[in-house]
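Below are structures written as structure tokens.
Okay, so chain A shows up in both of these, paired with chain B first and chain C after.
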Partner chain A sequence: MSNMIQVKNVSKEFKKVIKEPGLKGSVKSLFHKKTEIVKAVDNISFEVEEGEVLGFIGPNGAGKSTAIKMLTGILTPTSGEIIINGQVPYKNRKKYVKEIGVVFGQRTQLWWDLPLSETFTVLKEIYQIEDKAFKQRMDFLNQVLDLEPFVTSPVRTLSLGQRMRADIAASMIHNPKVLFLDEPTIGLDVVVKDNIRKAIAEINKNEKTTIILTTHDLSDIELLCKRIVMIDKGKKVYDGDLDHMKEKYGKMREIHITLKSDNDINKLSFAEKFGLTGDDIDIALDGKKAVVKFNSSKAQVSELLSYILSTITVKDIAVGEADIEEIIRRLYKGNENDETAHGNAAAVEA
Partner chain B sequence: MMRFFRLYKTFVVQQLKQLMEYRVDFLTGATSFLVGQITNIVFISIIFSQIPHLQGFDYYEIIFIYGFSLVPKGIDHLFTDNLWKVAWFIVRKGNFDKYLTRPINPLLHVIMETLQFDALGELLTGIVLMIIASIKLGINYRFGNVALMLLAFAFGTVIYAAIKIAGAALALWIKSSGSILQVFYMSSDFAKYPVTIYNSAVRNIITYIVPFAFTAYYPASYILRGNDPWFCFGVGTAIAAVLLTLAILLWNRGLRAYESAGS
Partner chain C sequence: MKWIGHVKRVYGGFTRAGAQGAMAYKFNFLGFFVGESLYCFVMYFIWKAVFEASGESIFMGFTITDMTLYVFLANIVGFLTNTDSTQMLAEEIREGNIIMRMIKPVNVDMSLLATEIGDKVVMSAFIFLPVMIGVEIYRYFALGYVAFNILMFLGFVVSVILSYILAFYLNLIFGYLAFWLMNIWGFSILKGSIIKFFSGSLIPLAFFPDIVGKIFEQLPFASMVYTPVMIYMGKLQGMDLLLAFGKQIIWIIVFIAIAKLIWRWAEKRLAVQGG
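This part shows the complex of A and B:
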């Protein structure tokens, strides 16, 4: 059994009540509810091998949390099949959750008023961990997540970064085979994000834990995952190698410029100088701030930078990577082209 | 079962530790409750100084029933207060998910998590009132009626807990059911007085629908006047058992229907 996680044609629909505005609307809705069906996850399939780290990536509202809730047994799929660690998550839930760990970055699973150390004491009892195993476990988690400095503080007094480390530790206390992390770096600053990523990587390396982590931040994925599944509006739009995807769709880079004077930007001609036209370039101007997005496989970042700096005077200049929305936009373009070429609009397989 | 008690003990120890830390909170909570109870008693006293016999019940009999009603209510309040939070906001805020990712029964988990020590004020008031009334009325306690009284405290507590479980279960569908639960829970105030003062509609409701009459008046009336024990305790036990079963069934259906909270 090398596939730890098997997900087959899974969908989840939510019924949403449409509220009409005003008092009349609320009275009306008492008798006659108008509902609308939201397909939060739409016919998704994928598999994850034991010990693999899979990045589940997509913009806000894509359906990542809904997918994680189905994988962890919190929600029952509307249709489709899930088998994880040889079990169906939403059936025999109590047995299933003994061998998984779950972290929701947006809300803590810890007890707000308990000191962290006491939280672990309670979890020890919940998961029925032997004293000796518990001690070893705490030592390991302490070393990886550096809990010592705040282990006696009540959870409510922890910073967001500390709380996230504590939450990850709590989800690992019973040595789970599979770990689900829903946006484990959300709201954290760069340094803390980096620490968390390193800890997750170390846990995976040491324990061979299978990990699925969701994020809308591409940089999370780079350190942690070789393989990603990208979803958008509930549908899987990409499943495969991260590098391959970046090569194909993610070559867009951004140069952020703060101009000295507004119309300086017109002095730049990227088409003439670098042959960047059509989809390969996009310039957005907002007051004195300009963002130049361009395809870095057609022109070098350094060349563009020196061209800009030698042509106009700028107050500030910075280089960034294209964000996930940009990649998805290009991915759809890519799929459309594939469609005309091979008559295949399905998810792109690497 | 052993495991359940060990786990419960762990939760209780945590609660006690916190109680030590927030002693002041506890004292203010319990004091404000005591003040509330005393106001109630004064209120009853005023009514009774005007009408010394309410439908054939004398002052200390009313006090006895009133005190009796506080005991199961207090025990339930002590143990299952977290259900209110489920009804009001735990589901709505998306914090119910965590109970489903732990290898214990979610209902037990919710209940074990909190001990509401404020309830001790309620309990104490109830017991003191019952003692005073018993002395004044010269109630003769024997093994038989003490055992029945303890039974009544038990099924009375179950009735309260069942209503709260059912009320909290609704939140699993509608996200927030605090106000609905409150309406039902408030009807327990009717149970503090002899049910004979109400018209038959109210009486039937608090006997068979939201059977709070079994949490005080019926069992107390046996102790006071020897009313039919089969009805007061037999039917009471049966109704409590049925109600709890229905509440747990509703809760389990709620778990299956549970859709988490959208972000």
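This part shows the complex of A and C:
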């Protein structure tokens, strides 16, 4: 077996203090603390092959970060077993992290007050990289992530996009076998996002690095991952390839319309024209702005567009893709409807 | 002895980075220098008033010259052994940034220590040397002869390094409190007062009633300021000197052990804040 990552029945529980509201509650909690157990991650299992890029997705608070922290050896699971690169992450953290790279998009591992190049020098010593290997590595990262223009600037002066590129480079300097990228494109503009995606794809292709990627941006997933694991409320709700999920749950698209007159939207009848009913369509109206969400496996975007444009007068029209939250919402509905029919999805609480 | 080279390489990077970080804000030194000097002169005039009021030239074994030296030395030692480890650690715990240390193949405590040593080396060059030269010039004019003793000075330097490591780990233990309290502001004020009082940086421990002073001298706080100052002033010699070093080393071992135990316990029960 060439499984780089094996996760078996892993759970993580936290004790959470319940505070009653207001000052009275605060005072009360000083003397008598009520706690409850929260299951952040609930019996998750999956495997990742060497060289695979796995998209690890879920809504905010689903337990993604907790799971990543267990995979990177920071947190110890309450129960279950994790084996990555032949090691148990939380058993011998120092040895384990030598062969992994981690990027937490919302934090930085760079030295804030030093020129970027100094961070790499420090990392060179931490990982004990030989001079020659270090130089080769820097050349490669430079070429992929284009660090040259700001490598001598203090980190605190870098833009967010530059910082993220530098952070990814810093996580790759020691040639890790597994790379964990937690929201590597958060807060970046489209061009920078695109560059970072290309860099990640190239690193994966060149080095056969196994990558686990968490993100809220569906385009990240589409461009980088064949397979996704989706979790919600700490449980695994989907494990399989992206195309299958799209087929299964429909690919939701959105058409944003700015209307000329408020009533125009009522002139459109998607049910009659395209047979879009129930879950396959959702129209939200806010003043003159309308958002039409629909299942693009049931009707073509181009057909809908030409129908809208020929029926009513619009000021502006744009097409967008539904976000992960939307897919998860639909995944739920799908599971409730045919829980037994779907092989890949784990059981979901009703 | 291979591991020494290993430690030097791995953590040397942190030390160099710490030094460079300190250089990035070099104007801080000036403010710090002026502020601390003012404090020393205030203390000097207070003690001068005390000596004059007592009408005796020797007070509890200290002459006014001794006392002046003590004030400046206690201050410089306090400065050299002052450590930010409580705040650094507590802040990293509170903001969850400690995970950025944990994803590196390093010990959390050692990497913090190495970084701060880099910072200390730079600060010492800017502040320690000028103050020591000033102290020696004062001593020459007050006594009329050169009292500088290279062996005592080396003993002092070793003792200060031990003091610093001791202070670092004591403060680190306070920093770990943040795992439970999240915000440790109140406790770090308490800790600051305890250290100031028991370490002799406010009042020489020799001035306390005999039995109380003796007890205070056994506590770890005395090893942090009082011991190095007494060594420099030549008041600890022979067996007493060795005993003082022994006490410092024993306390260091005790505090490192406690810090490691807490860390091992906390690491397994860690809950990370945010994101």
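Here are a few things to note about the model shown:
As a convention for this text, the second predicted complex is superposed on the first by the 335 of 350 C-alpha atoms of A that agree within 3 Å, B and C clash if a C-alpha of one lies under 4 Å from a C-alpha of the other, contacts with A are read in each partner's own complex, and residues count from 1 in each chain.
Here is the rule we use: a contact is a pair of C-beta atoms (placed from the backbone, for glycine too) under 8 Å apart; a residue touches a chain by one contact, two chains touch by 3 or more.
Just so we're clear, the structure is a prediction, and the values are computed from it rather than from any experiment.
When the two structures are aligned on the shared chain, A:V97 is found in touch with chain B and with chain C.
In the superposed model, A:Q128 makes contact with both chain B and chain C. In the overlay built on the shared chain, the residue A:I74 is in contact with chain B and with chain C.
With both structures placed on the common chain, the touch criterion links A:D113 to chain B and to chain C.
Looking at the shared chain after the overlay, A:F14 reaches both chain B and chain C. Between chain B and chain C, the partner in contact with more residues of chain A is C. Taken together, the two structures place residues 14, 65, 69, 72-76, 93-95, 97-98, 100, 102, 104, 106-107, 109, 111, 113-114, 118, 121-122, 125-128 of chain A in contact with chain B in one case and with chain C in the other.
For chain B in complex with chain A, the residues that touch the partner chain are 3, 6-7, 10-11, 14, 17-18, 93-95, 97-98, 100-105, 113, 256, 258-260, 262-263. The touching residues of chain A, counted against chain C in their complex, run 14, 65, 69, 72-76, 90, 93-95, 97-98, 100, 102, 104, 106-109, 111-114, 118-119, 121-128, 154, 182.
Residues 14, 65, 69, 72-76, 93-95, 97-98, 100, 102, 104, 106-107, 109, 111, 113-114, 118, 121-122, 125-128 of chain A are the ones touching chain B in the complex.
Against chain A, in their complex, chain C makes its touches with residues 6, 9-10, 12-14, 16-17, 20-21, 24-25, 96-97, 99-100, 102-107, 267-272, 274-275.
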